[in-house]
Each structure stands twice: as structure tokens, then as C-alpha cells.
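The chains carry the letters A, B, C and D, assigned in the order they are written, with residues numbered from 1 in each.
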Amino acid sequence: MSYLPYVVAVWLLVVGLYGVVTSRNLVHLTQCLAVAQSSSYLLLLAIGFRTGGIAPVFSGVSTGRKAVDPIVQALTLTDVVVSVTISGLLLAISVQVFKRHHSLDPAAGREMQG
Amino acid sequence: MHALVPLPVIVPLAAAVVIAGFGKFVHSRLVDLGAILVALADAVITVMLLLASLGHSLTYWYGGWQPVHGLTIGIAFVVQPFGAALAVLASLGTLATLIFSYRYFEEVGALFHMLVLVFLGAMCGFAMTGDLFNLFVFFELMSVTAFALTAYRSDEAAPLQGAVNFTVVNTVAAILILFGMGLLYGRTDALNMAAIGRQLAHVGADPLLVMAFALITCGYLVKAAVVPFHFWLADAYAAAPAPAAVLFAAVMSDLGLYAVAEIYWTIFDGPFGQHANLIRGVLLTLGMLTAMLGAVMSVLQRKLKRLLAFATISHIGLFLLGIGLLDNVGLAGAIVYLCADGLVKGGLFLGAGVLAYRLGSGDEFDLRGRGSGLPVLGTTMALGGLALATLPPFGTFVGKGLIEDAAAEAGAWWLPWTLLFAEVLTGGAVLRATGRIFLGLGAAADPELSEPQDDEDEDDEPENPPGRSATLMTFPVVLLVVGGLLVGFIPHVADRAADAAVRFVARPTLLDHTAAQSPHLSTAAYLFGAGACAGALAFAFLSLTRIRRVSAARDRGAEWLRLPVSVLHGLHSGHVGDYVTWLVVGVTSVGAACLLGMTHVVP
Amino acid sequence: MRLTVFAVAGASLAVLLGYAVFGLPPFGTFHGPYTDYLLAHAVGQRHGTNVVAAVTFDYRGFDTMGEEFILFSAVSGVALLLRASRDSEYERPVDAQPVESLTAVGLLASPVFVVVGLWLVAHGPVTPGGGFQGGVVLAAGALLIYIAGQYRGFRTATDEAVLDAAESVGAGGFIVVGLVGMGLGAAFLHNFLPYGRIGHIDSSGATAVINAAVGLEVAAAFVLLVTEFTEEVTSARAHRKLRDDADREGA
Amino acid sequence: MSVVVAVVLLGCAALGTVVVLVRDPLRQAMVASGYGAALVAVFVVLRAPDVALSAIVVVGAASPLLTLLALSRISLDAGDEDDAADDEAVG
């Protein structure tokens, strides 16, 4: 039970990858990729959690209080930004792909073959 | 000297910001020149750092956050010779790119320069950082910039497909890296690589460490494009505009490998030390597969850029063989080889760019005989082909010689032959293309090479506008290829690399700091080098000859290869779902192999 | 074929990772020297009460600089992809007719978002929030005017050149703060400003300046991102309308 | 570990799975903002208000907005394709 959050993170990673692999539409694929990426937020924050700890913000609270790990939160913040920028780029590419190919199916990109 | 450490990152980033914000208000020549000056400044600074780091590593704490009682709380750059050498390589590659693209991208203004400069900053940061998360940040910065550069000429289908595959596969890799880093952080509560290494130095391997190793290593091997993580590379490099492809091929892939070496030696050497044979087996297997598959695929291409992309993959495999020996001489050889080879490959990619620009095609058969008016370019590219085949006594030869030295030490008799095989084929493929394009040799069509694809695709660089001098574009090609050859003549390059390797390998613990024995290039190394060149020339001759007897035998041989070739082509399907599947297969295999190999780990 | 291979490999990966995560400390029991040090000393050293912000903008500020440039590059990439093709294909979009009730709501809501965004940016070092979150809210404030249908007004307010410049000033501000630290003979990103009283918005020195720079950069970046996509839609729509009109006249 | 945490985590896992399984990108975008909300809930129970705030603005608002804009641009193109391409378009 005390490993549930980690298992959920692994689950989300694998499910997200499943979506990426089977996707027939680039916009759909982009959102599956975001799910896979969100698994890392969960993993990091779950690692840094401490039972009974407060958020690492000490406004109006004595600094002696037990708090959760602030470092993983800073890392997750960066991760969230990275995720949204990648989504934005992929969506822009998808729009262009549709303009040229009139399809969003990754299987349509056959001219790369060989 | 310490104050210089952050500059290779800060200077290009600051310049990029200025160009992005205000570049459109000044004359475009000014932007061109400014960017070139910034790259030049970076080259000077990184060379100074390289020289300074030969004696001892330079450590720089951002924000002044020095460790407190041995506890690292900030982010450090740790400059040692190998990282600095890669930063020099990045700066030189960028410099050549910017000279080449002087007036190359009139229509889109300053965005190209801005992205290239950010890319330069990211590469330098990646090469010098000593922090695991910071490494990830620069990895992402490099990736995002590279995605944008690949999709640069967005009016065509092929680049976009290449950009999609590149973006998705590399993003999956980044997620895996972050996951692995999370596992390590959960175990050690540290992000500084040396600090993690110190904490793990005396513990044994367990499933968490093994999977963290598999995830992080495979993630960076995706960047390096090692089989089976390589599929995206040929699509992306072939699709990207030539000036961007140079940067990718010359530096970005190599940086992926460098990260693998750095992470292994800094973090995992301690806990995995007693299983070194197992790790060696895994890395050498991957390296050998990569070297052979890349070489075979490169021979099968008729598009120059695609040919070079697969040659890049093949040579990444060779460097991995050097690193995978887990021995300091092999490591030293891999780094020297990689620097020399990076410059040469960069030059060849730019050469392909010149051809596409002047003659409007990147296809070996379309171009047959049409390069006769460009003798300097032809000679340089032929030299480049020979350099890929490790012509003694030049740069690539020195590096390869060291790897062979280490292989002999380790009893890996098959390793020099693998190197030879890959060098003969990749060098031979370049020589074949050069002979056909510049001398008009060989047949005008060859059914065995990948089919001509439907009409216009990746090879059409901007149509040849008259008035751009070929001289200005050819200059960086010569600069890079000759630079790559000259790496072999840096005084005591082999000894210095070996010294640096000893330090690199011992970095986290500073234990068993043995003096490097002076490596030597044996007669066998010269024979192998000469043999590779002769083999490459023979291969080119065989492919181009029209002597009836020989060509008939060649064609009969090709008949036999048809089935395996079509299987290989089928694997490179261009479908991003397939690529991600292979990635997962690779990570799982590496993880499972390591776990099963360390049997006492499994309860 | 692909599915079968992935089913096997993905399931194995899940098993291997599931195996690996049991090597982590059980949920809720994490502890370590790095964490303990920061929780114990960050407030005292930096006078800001939000330790996450202290890590993001100070102890590990260099990471955040890299992150800002990731955003910066990605937005340039999107602009590159979408602008290059659009400019050649379409003329400037035709203004949409504003719907009055929407206009009113948008115009009323917009200042609220701007105020909240500024508050978040300013209080970043003290309470949850900061340059990134506040910047996105600020962007939303600007974009609400667009939703209100004031397209013309919005375009002048978000002229690409102005936005590019704002983004550059934001990202550049980060570097300038870092360089000032260096200029004073300390390390890059050295926190050179005096600290204020604990818990006040000016408390943690240069962190507040970096926060503001990030806020500006992020706001400009998100407005650019959304306008690039919106422009795509409106210009395609306008293009289509023109073509339909031409067809009708032809008939 | 409290029941609240477990419930929130399982909800998050379930919604994430649904996001992947919904094949129509438009409907997927709506489910994805629901998933964003679930993530925010997780961040709140894990005591990460900073991350929760940025998840609200990014996963809850910015990402779906960009997705919707991209989709409407694509559907416009699909409309331009004379009917034939329609079924190929968004599906």
C-alpha cells in the first residue's frame, strides 16, 4: 500500500507509451505523450512526500515544522513547463503536417522509408 | 580562469536573446556577422578552458552555492578535458555552420541564427555540467531547439515527418531519463553527479539502481542514436537543412554518448564495479550492432544526407565500442576519434549542402558527373571519405588506434575487425558517391539502392540563386575536414587524452589514481588503418566499375542480398509508433539483461 | 505486429519498473541531507518563506534559466513553423464582429486576471505561485480581450514585434541579473541584492527581480503561442470566406 | 497512507487511462482537462501548492486551449479538402 503512488506512476508511464505507440492521429499522440510525461511529476512528488509534513512554504508557520521536500517540487515545475512547450511544438508541427499531407496518421509518412 | 566557466553557455544565450528581440531592426548582414563573432568567441573561450583543465578540473558553483560541509546544495559545472573538448567541437561546428549559412536563410530573418546560438549554449552546458538534473535541462534545451531547426523548412512534407519522429522519440527518451533520475534521487537525495556517486560508491547493485541505469543510459543512447534507438536519426538528419544537420551529426549525437560515459563512471561504476563484465557485454553488443547496421544502411542510400546520417550512426557504434571496453585507454581513444570524426562528418554534411545548393539535388545519381566544376569540394569530400576510413596518421586514425590498443588488452580480438568492417563500408560509400558525382564514374542508375522517392523531397535546398559564391560555402567544408585531419597532429594528443581518461574514470572517488601508461600505436594499428582505406577504395571501385566481369559478379552478389536488404528497409518504416516500440524493447532488454546478469540481486 | 511487440515489451517494462520502485523509501518516509538542509536554512539564508521558490530561483536558479530558454526556443519554433507558411499564403485576417455581451464580460474579467497575475508574480518568493504561474495568468488576462472579440484592439496590443521584444527582455533579464552577480566579482546568478524582512515580497533580494523577468517572459511567450495558433485559425477562416464569396460571384 | 490519497491517486490513474483510450482528439481534449484536475488534486494532497498552481494554468487551461485551436485549424483544412478527405481528417 505504501508503494501505491509509485505503481500509479509506472502505470501512467506505460499507458501513455501505449497510447503513443498505437495512436493514429498526431493530436491524439501529443496528448498521450503528455500523460506519459505526467507520470514523472507523480513519481517525483510522491518520492518527496513526508507523512504529516506541511507544504514547504513557511508564511505564518514556524520553520521548525516538518515539511515535504521542496527540491522535487522545483524539479516538477521545470518538468511541467517542458511538457507544455513540447505539446505546443508538436501541435504546430501537426497543423503543418495536415496542411501538406491532409492526414494526421503517422502511418502516412511513408516517404521516409529506407 | 574560473570566471570563464559559465561564459560558453551565457554568451550565446545572451546573443540569442538580443537577436530574437531586436534582430529585425538591424541589417541582416549585421546579424550574420554578430552570430559568427559569438561562435568565434565561444571557440576561443572553450579552447582556453580545455587548456586550463588539462592540469586539474575546474569546478564552478552557480549562485556561489559552495558545498556546505561536503553537502552539495547548488548546481556545479565541472570542466575536465573531455567535456571541454566537446564544447570546442560544438563551437567549431557552430562557427562553420554560421559561415556556411551566411545569406543562406534570407527569408526568415534572424530566427535561424537565434536557434543555432541557443543550441550552441545548450551543447556547451551539456558538456560541462556536473549536475544530473541540469544535464536533463540542457538535454531538453538541445532537443527543443533541434526540433525547431529540423522543421525549419516547413513547406515540404519530408522535414515535417522527420521532425515528428525526432520530437516524439526524443521526448519519450527524456521522460525515461527523468524517471530514472527520480529513482536515483529517491535513493540518495542528491542531484550532483559526484555526490550521488560518492553515496553509492560502497553499496551493491539492486533492482532500483539497475533500472535507473537502464533508463538513464538508454535515454541518452537515444540521443546518440544507438541501435535500436537510432531510427529517428536518419529521418531527422536527412530532413533538416544542411547547416543544422552538421550540428546534429558533428556534436549532438556524440554528446549523448559522452553523457553515458560520464554517468557510468561518475555514478554507476561504484555499485556495478564487480559486474563490469556484464555492463561491458551489454555496451559492446549495442556498439557492435550499431556499427554494423549503420554501415550496411549507409551503403544502401543514394541520398547523400541519408548516407551520411547512417554513417554517423555507424560511427557512433564505433565510439560506443571504445567506451564500452570500460577502460581508460579505450575511453581516450573514443573521445579523440569522436572529436576528429565529428569535424570530418560535419564537413561532409556541409559538402552535401553545397551540392544541393549549387546543383539543386542531393541524389548521387541525379548528380552524376555534375560536380566536375567543383574540384576543391570534390577533393575535400574524397579526403573526408578516407578520413572516415581512418587514414593514418590523421585524427580519426589516432583515436581508433587507441581503441584497438585497449581491445587487445581486453582480449576482444573481434573488435578491430568490426571497426574495419564499418570503416570500409562508410568510407567506401562516401568515396563511391564522390567518384560518381565529381568524376562521373559508375552507372547512371542502380536498382539496388533505395528507390528514387516520389518527386521532390528532402534534398531540395533553396533553389540555386545565382550570385552566391561557392567559395564562401566551400570554405567551412575545407575548414572542418582539414581540422578533423589535424586533430592527429595536436602535440601528444594520445598521451593527453589517456591522462584525462585516467582522471575521468577516477573522478568521483579519487581512489586508485594510477598514472596513465603511455599508449602506443602499434604496427598492427597502422596496418588496420591502411587496410580500412584500401578496403574503402576497393569498395568504391567495385561499386563504380563498369568492367563487365567484375560488375556482373557484383550484381550476382547483390541478388543474394536482396531479401535481407528489404527486411532492413522495412524496419526503418518511418512510423513513429514502430520507433517508440523499439525504444521500449531496447530499454527493457538492457534492464532485463543487467538484472538477470547480476543474479544475486534477484531474491 | 507493432502492438504484439509493444504488449510484451511494455508489460515487461512495467514489471521491471514495478520491481525497481520497491527499492524507494516507502511513501511518506523520505528524508535526506539535501532536503533537511534546505528546509532548515533556506528561510534564514534568503528571507523568503516559500522554499520552493528559493530552490527554483536561487539554489537551483541555473536550471530555471535553462527552463526559460526551453520555453523561449519552443515559442520561436512555433512562430517559425506557423508564420513562415502563413505569410506567403494568406493576407491579414479580417476582423471578427464582436459580440457585445462577450465583450463586456471579457473586458471586466481581464483586469482581474492581470491583477491576480501580478500578485502571483510579486509574491512568488513568499507564498505559492511565482513568475511562471503568474505569467500564464497575465497571458490569460491579455487573451481574454481577444475572446471578447476586440480583435483589432488585441492585435495592436500584441503586435508581434512588441511581444518578441518583451520575451527577449524577460529572458535577457534573467541573464542580466546573473551577470551583475558576476560583475560584482561573485559567481553567475549570485544573489546580490540586500534581503528584506522575512515574509515580505522584497525579502529575498535578486530572486524578486528574476521572478519579474520570468513573469514577463512567460506572459509574452504564452500570448505569442496562443496568438500564433489563433492567427492560423482566423486567417484560414478568412481565406475560406473570400474563396466562398468568389465562388458565389462566379456562380 | 490515508484513504484520501489512495482515492485521489486511483482516480488519477483511471482518468489518465481514459485520456489514452479516447481516440477522438476533441473528446480527448475534454477528458484531458479532467485529468488535469485530477493531477491538481494529487498535487494538493501531496502538499505541492506551487506545482498545483502551475498544473491548473497549464494542464487545465493552456494545453487544452492550444489543442482546441490546433484542432479547429485542422478541421478548417479538412473542410477545404473537397469532402473526400473529410473522413481521413480528424479521426
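Assume a residue touches a chain if its C-beta (ideal position, glycine included) is under 8 Å from a C-beta of that chain, and two chains touch if they have at least 3 such contacts.
Since the model is a prediction, treat every value here as computed from it, not as a measurement.
Here the two chains linked by the largest count of contacting C-beta pairs are B-C. With centres defined as mean CA coordinates, subunit B is found 28 Å away from subunit A. The distance from the centre of subunit B to the centre of subunit D, with each centre set as the mean of the Cα atoms, comes to 36 Å.
Note: centroid distance subunit A to subunit D, computed from Cα atoms, is 11 Å. For the pair subunit A and subunit C, the distance between C-alpha centroids works out to 16 Å.
The set of subunit A residues that touch two or more partner chains comprises 2, 4-5, 9, 11, 13, 17-18, 21-22, 46-49, 51, 55-57, 67, 71, 73, 75, 77-78, 81-82, 85-86, 88-89, 91-96, 99.
Across the assembly, subunit D contributes 1, 48-50, 54, 58, 62, 66, 70, 73, 77 as residues in contact with two or more other chains. Counting partner chains per residue, subunit C shows two or more touched chains at residues 2, 6, 10, 13, 17, 21-22, 24-25, 27-28, 30-32, 34-35, 38, 50, 52, 60, 63, 67, 70, 74, 77, 81, 85, 128, 132, 225, 229, 232.
A list of each chain pair in contact follows: A-B, A-C, A-D, B-C, C-D. For subunit C in complex with subunit D, the residues that touch the partner chain are 27-28, 50, 52-53, 120, 128-130, 132-133, 136-137, 140, 222, 225-226, 229-230, 232-233, 236-237, 240. On the side of subunit A, the complex with subunit B involves touching residues 9, 13, 17, 20-23, 26, 29, 33, 36-37, 39-40, 43-44, 47, 71-72, 75, 78-79, 82, 85-86, 89-90, 93-94, 96-97, 100-101, 106-107, 109-114.
By the touch criterion given at the top, residues 133, 137, 140, 144, 147-148, 151, 154-158, 160-165, 167-168, 171-172, 174-175, 178-179, 182-183, 185-186, 191, 235, 300-301, 306, 450-451, 453-454, 457, 569, 572-577, 580-581, 584 of subunit B touch subunit A in their complex.
Of all residues in subunit D, those touching subunit C in their complex are 1, 48-50, 52-54, 57-58, 61-62, 65-66, 69-70, 72-73, 76-77, 79-80. Chain contact summary for the complex, subunit A toward subunit D: residues 1-2, 4-5, 8, 11-12, 15-16, 18-19, 24-25, 27-28, 30-32, 34-35, 38, 41-42, 45-46, 48-49, 51, 53-57, 67-68, 73, 76-77, 80-81, 83-84, 87-88, 91-92, 94-95, 98-99, 102-105.
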